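You will see subunit A twice below: alongside subunit B first, and alongside subunit C after that.
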Partner chain A sequence: MNLHAQTTRTAAEAALIDSFAARISDLPGDAETTVHRDDALELLKAGLPTRRVEAWHYTDLRRLLSTVPAYRFESSAAQVAPLIDRAELLPVLNGAANTQRGGISGVAVSRLADRLIEGDLTSKLGVADPYDTVAAINAAFVSDGYCLEIEDGAQIDRPVEFQNVHAGGQVHSRFAVKAGAGSKATIVERQTGSEEALVSSVSHLDVAEGAEVLWIVLQEQPDTVSHLAQFTATLGKDAKLTLFIMNAGGKLVRQEVRVTADGEGSSFRLRGVNLLAGETHCDVTMVLDHLAPDTFSTETIRNIVTGKAEGVFQGQIRVARDAQKTDAKMACNTLLLSDEGSFSAKPELEIFADDVACGHGATVTEIEADHLFYLMARGIDEKTARGLLVKAFLAEVIEELEDEAVIEALEKKLDAWFVEHG
Partner chain B sequence: MLEIKNLHARIAEDGTEIIRGLNLSVKAGEVAAIMGPNGSGKSTLSYILAGREDYEVTEGDILFNGQSILEMDPAERAATGIFLAFQYPMEIPGVATMEFLKTAINAQRKARGEEELKIPDLLKRVRSAADELEMDMNMLKRPLNVGFSGGEKKRAEILQMKLLEPKLCMLDETDSGLDIDALKIVADGVNALRSPDRAVVVITHYQRLLDYIVPDTVHVLYRGQIIKSGSKDLALDLEKNGYAGVIGEAA
Partner chain C sequence: MPAVQETIDQVRSIDVDQYKYGFETLIESDLAPKGLNEDIIRFISAKKEEPEWMTQWRLKAFERWKSMEEPTWARVNYPKIDFQDLHYYAAPKNQTGPKSLDEVDPELLRTYEKLGIPLREQEILAGVRKQGEPSTLDENPSDNVYSSGRVAVDAVFDSVSVVTTFKKELAKAGVIFCSISEAIREHPELVQKYLGSVVPVSDNFYATLNSAVFTDGSFVYVPKGVRCPMELSTYFRINEKNTGQFERTLIIADEGAYVSYLEGCTAPQRDENQLHAAVVELIALDDAEIKYSTVQNWYPGDSQGKGGIYNFVTKRGDCRGRNSKISWTQVETGSAITWKYPSCILRGDNSRGEFYSIAVSNGHQQIDSGTKMLHLGKNTSSRIISKGISAGNSQNTYRGQVSAHRKAANARNFTQCDSLLIGNDCGAHTVPYIEAKNATAQFEHEATTSKISEDQLFYVMQRGIPEEEAIALIVNGFVKDVIQELPMEFAVEAQKLIGISLEGSVG
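This part shows the complex of A and B:
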């Protein structure tokens, strides 16, 4: 029985089903992979979720995903300059990973397509629930990506950068990283391209005991792209994960984050900067499970809304009965720079343990007139003064990242965005 | 240099008139003190001069070097040389103090057709000004005024004033929150700026600061008007006898 069974399919729903029929014979994977793909298709056949589904309340996918373009194998995508100069690049161009590349010391790198054919990734292709639509679209269509296994204790000092680049059409990619015990790494996930496209991208990260990972998602799609992404992570004992997400483009963006803090003493930081312009609809939806005692998390999301853009942040923190001494703090602050834009924030705490410290707050404000006056009274013209204040609002989050090269690179991206949209 | 003629101004939001027919003129080279009890409109007057949008001028004019400034925005006024050291300087999180100083100095230089200052030059100037005010350079690594004590904020205002070299320096209750040593340092900073082509307007409701920044003229502001003007002796008289006498005289 499906709550949102539809009598008629939308053009996008029909196009997804047609795409599957056309593509399935060319998609990589063993027999079990194909079973997962078929299951995923069944979920999609039941229809895309609407606002009646709680998890999709602010992003009515059925309405917002108006078209699903056909695949465009004839066009070619090229890799882009890395976010951080010294990075090791692992590009996926129009849905195909690179076959020729050098090794990375301390890391075993393999192509996702190969792993699907070998059948040792199938456990990850399942969906969590009937509305796990992003995972389902990706499971049905995923063509390639990378798997990384970072050796125990390896300190990977050059950032590893995945690039999921398209030249229009459809791209469905996946990235899986295992950070071995005590290892340390910085991973960059770039999402970009040109032309109209439907992109789905799923990332899995396992942070083993005592390992430390900084994962940066930089989404810079053109305003003709529907971008559906999911990031999932599990944290081992004393593991540390910082996830930084910058959304700086896209027509329809859904970035899901699912983190399970199942190791005692593990900590998670989510930092998000959403730069919303034009008519973009951008949704960051996080579900964080604190399952073990002494786990720690902070989530800070800062948004700029201009034009007719709509933003969404849903943050759900669940603290299990055994997760005593959990400390979780979530904040979502928005600077609304236009009367026609909007931002909806939905923080949610579900706490089953009794000895915890959890809090959340959400604000939507305009630029403070007093601050603007102060800067202008020192001779700074209005446009520059506004720019300084907006940047300051966002830079606070970026500057928490500690690594100078990373901070500088992200601030450059901010500046570039303002040059284009400010 | 500064000519305020029959100025009437009200709070934009609710229309309450605060400045009610105020006349004042300050010549180049002059140090003028504006005194008056709390709530008289001293800060309001300084904000109106700086161009704060919360107030509406309904009558009269403000001339700066013969030109009306009423149509200028705060940045344009600053570029012509008007500076206000705030009674309550604002904390601006995320804006690095050095970055702010650089932007402000260069914006004003640009508006005046001067070349931008390069970082080493800028640093040198900031360092020497900070030294004179006995300020720790490390403070300037913090976001603008964030976490500064009351006294540190006041010094930071004077630091900005020294760096921007305005033509009209207005100081609104710069003495409040300063201990006597800090007061002397700040006063020295202001006195160093005294020059024949610069005017200083010191707003205070205590005589104390005027022992260190000795004014040429003293004006009493009460209920939005200048009710009495005189020499520095007027300040001493007010200190001794309070405002009641002067207010009674004017009534």
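This part shows the complex of A and C:
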């Protein structure tokens, strides 16, 4: 059922393949990298996934990715103000990383293009399955990004902020971070730009034994951008990862999260806020593997849907036979505020261990009449009352992040979105 | 937390090697030659003395089926079925349409006695055998669904309906209850109007196959304003080797009507797998209500996973009228593979759909089952309660879809599914699909017990009951409430399973 025979290519599929022919000679990488790029292209030649593919059931990429713009090397992108003032900035502007930058104490920073040429990233360029399309597009076209190696035990006080900024066209970037044993760091990943574009971005994170990472993804693309992103992480023994994702823009957004808890006692938290307006199609798809005993995970996704926006959350928690005492909880709550909008959720559990506690909940509702009445009874007009309730619904998730500066910065972003979208 | 001992014991008592209905009836059968082609379809249609329109309907379905592919999205694995290696028609010799019970082969009667299915309405009516009192041939009376109460039974043996009881009494109330073959002959206007109107001919691979080759099943029509005076029931028995059973059931509740229908099924123990591909269509018009209960106990295969029934079933109810209600209840313990999603199309305003399921898998059984609640009308509501228990080497998947369309203002759904694993070689999976396209929709999906109201929990706990027990009490209490609404006849078998606590539920 999954293999869908395709007779003709869509304009976007053809444009992707043509772009490859035009770009390949300029893309960095050793011989093996080129082999991976060719393999990825082969996968794309088989056609983009449709809703018949279970993983893409609610995001028919073949239909939704209607145009693939040409590269625009002539325009220039500028870095944006950091989310948190004192952050160390690592910008990728129009697909090129900065060659001139200061060092960060306790962190070895290198350009991804250099690493591709040296050939020590090729293992990351493979795809997980025939429908790992985001990884395939990125593997075929990736031009640059950063690699970070955080030293064992290093406590990085200032957040490190990656910025993937474009000025239209196509941008394909990648970020790889290794957090050494016992280290601690906050990473911010900014995805933004101007003009119509196709952006793909893949991030890899290895959290070693006892290390602790807070990773924030802030996606603020204009409403003409197709944004295909993937975040993958592996967690070592007693490692802790908090991933926060805010989607506040884009025309077609697919944010994939693939986390493997293979270290005993490791824990993963996913917090997501999806602000959907206009005609955005935004899909957050997570696959979480609990492979080791005593692993812990919680996921909370909050969505608001206005206008003609379409929201999707797919979450799959897989508990392997050996992952006894796993504790996994997933919740996806949506306020559907428009009759023209839609939201689809698929919170999935796959359990092979018999001594675990796994739960998933999903709700789709409008604002509770009781809550609204409560506020209005106190003399607050309906519009303000609604605004308050929606903000409270979202802020609850942000406030779970312990870092005050981070909370403040994200709430500012939230306010800014509300000003813009009423 | 692992499952409690009591639960483990209870699940063990219905393990695959404990299958009680595995005996075979030695009876001469009329068999169609193996294989599937137009001639076989014409053969079946001729055997059933069907009018030409029905034959054409079947042939059209077959034409369509030839271009379809078997679905692979479900979480079940089985070797490819050779659809040409099956008999599509098997009937006990000389058993088509006996006029009375006396004409029925005694061997068949013994089979049903052994299964505990009361075909002798006269006995009950004449007081020879009191209601609920076991017949002498009944080996395990207390385990049986049908051993008490007054139930009209349509007994389907392989491809034919052997007998339908209480027909006269039902006719007095205006209720038509007969085999589908008889309905096609006797009530063509009703069949033509409703057959395929809920599950279209081309709905899915197995439904299309069924449309081409269905052999028997039940037909129920409850006229306007009539409350069906007794429980209706069909008992399906597969006996012959290498046959497929393709049952077709059509139930129509006209305006303001009410009917409760239950279905049971068993099959002999065999090393080969057998195919059962049914289609059930329910239609509830304005203010009508249909309750459909299933105790599915097909042969599950042996403890090595050899043999067993492949159960690929399409069941769908259409709440076509305003204020209509359809409720599905299923207790699933049998079959090697179950692929089944009893659904409700909530088309009428204020209509309501319900799905209650207890699915227990043992041995090498694979279950991929759940429901679909499609909210189309205004103020529609649905409730899904599903409990899955897997033991042995089995895989148990709940797959359910809840959707609200643009115009489904105030659609409301509550879903709760719990799973329990016993042992380390089985799997429990939950795949809900939740799709809302209306801002006034209110959908809640819960797979944990955390949604229990704190007030309730507090009330129980302040009486000195520990939290976990209190939760179990409330959850089970909730389901028990539901089960108590079910026909008495259903309760005995179901109760054993409902007694199973879901303490240690994994989510």
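Here are a few things to note about the model shown:
Methods note: the second predicted complex is superposed on the first by the 419 of 422 C-alpha atoms of A that agree within 3 Å, B and C clash if a C-alpha of one lies under 4 Å from a C-alpha of the other, contacts with A are read in each partner's own complex, and residues count from 1 in each chain.
Keep this in mind: a contact is a pair of C-beta atoms (placed from the backbone, for glycine too) under 8 Å apart; a residue touches a chain by one contact, two chains touch by 3 or more.
From a predicted model like this one, the values you see are computed outputs, not experimental measurements.
Once both complexes are superposed on subunit A, the partners subunit B and subunit C fit side by side without clashing. Once the two complexes are overlaid on the shared chain, A:E396 sits against subunit B while remaining clear of subunit C.
Within the superposed three-chain arrangement, the count of touched residues of subunit A is higher for C, of the candidates subunit B and subunit C. Contacts of A:Y374 after superposition on the shared chain: subunit B is touched, whereas subunit C is not. Residue contacts after overlaying the shared chain place A:L388 against subunit B, while subunit C stays out of touching range.
In the superposition on chain A, A:E32 makes contact with neither subunit B nor subunit C.
Once chain A of one complex is fitted onto chain A of the other, the partner contacts of A:E54 are limited to subunit C, with no touch recorded for subunit B.
Between subunit B and subunit C, the minimal CA-CA distance in the chain A superposition rounds to 12 Å. Overlap of the subunit B and subunit C interfaces on subunit A comprises no residues. The touching residues of subunit A, counted against subunit C in their complex, run 1-2, 54, 57-58, 319, 321, 328-329, 334, 336-339, 341-366.
Per the touch definition, subunit A reaches subunit B in the complex via residues 369-371, 373-382, 384-385, 388-389, 391-396. Against subunit A, in their complex, subunit C makes its touches with residues 1-3, 69, 71-73, 406, 419, 421-448, 450-451, 504, 506-507.
Remark: subunit B residues 50-54, 73-75, 77-79, 83-84, 86, 89-90, 92-95, 99-100, 103-104, 107-108, 111, 143, 160, 164 touch subunit A in the complex.
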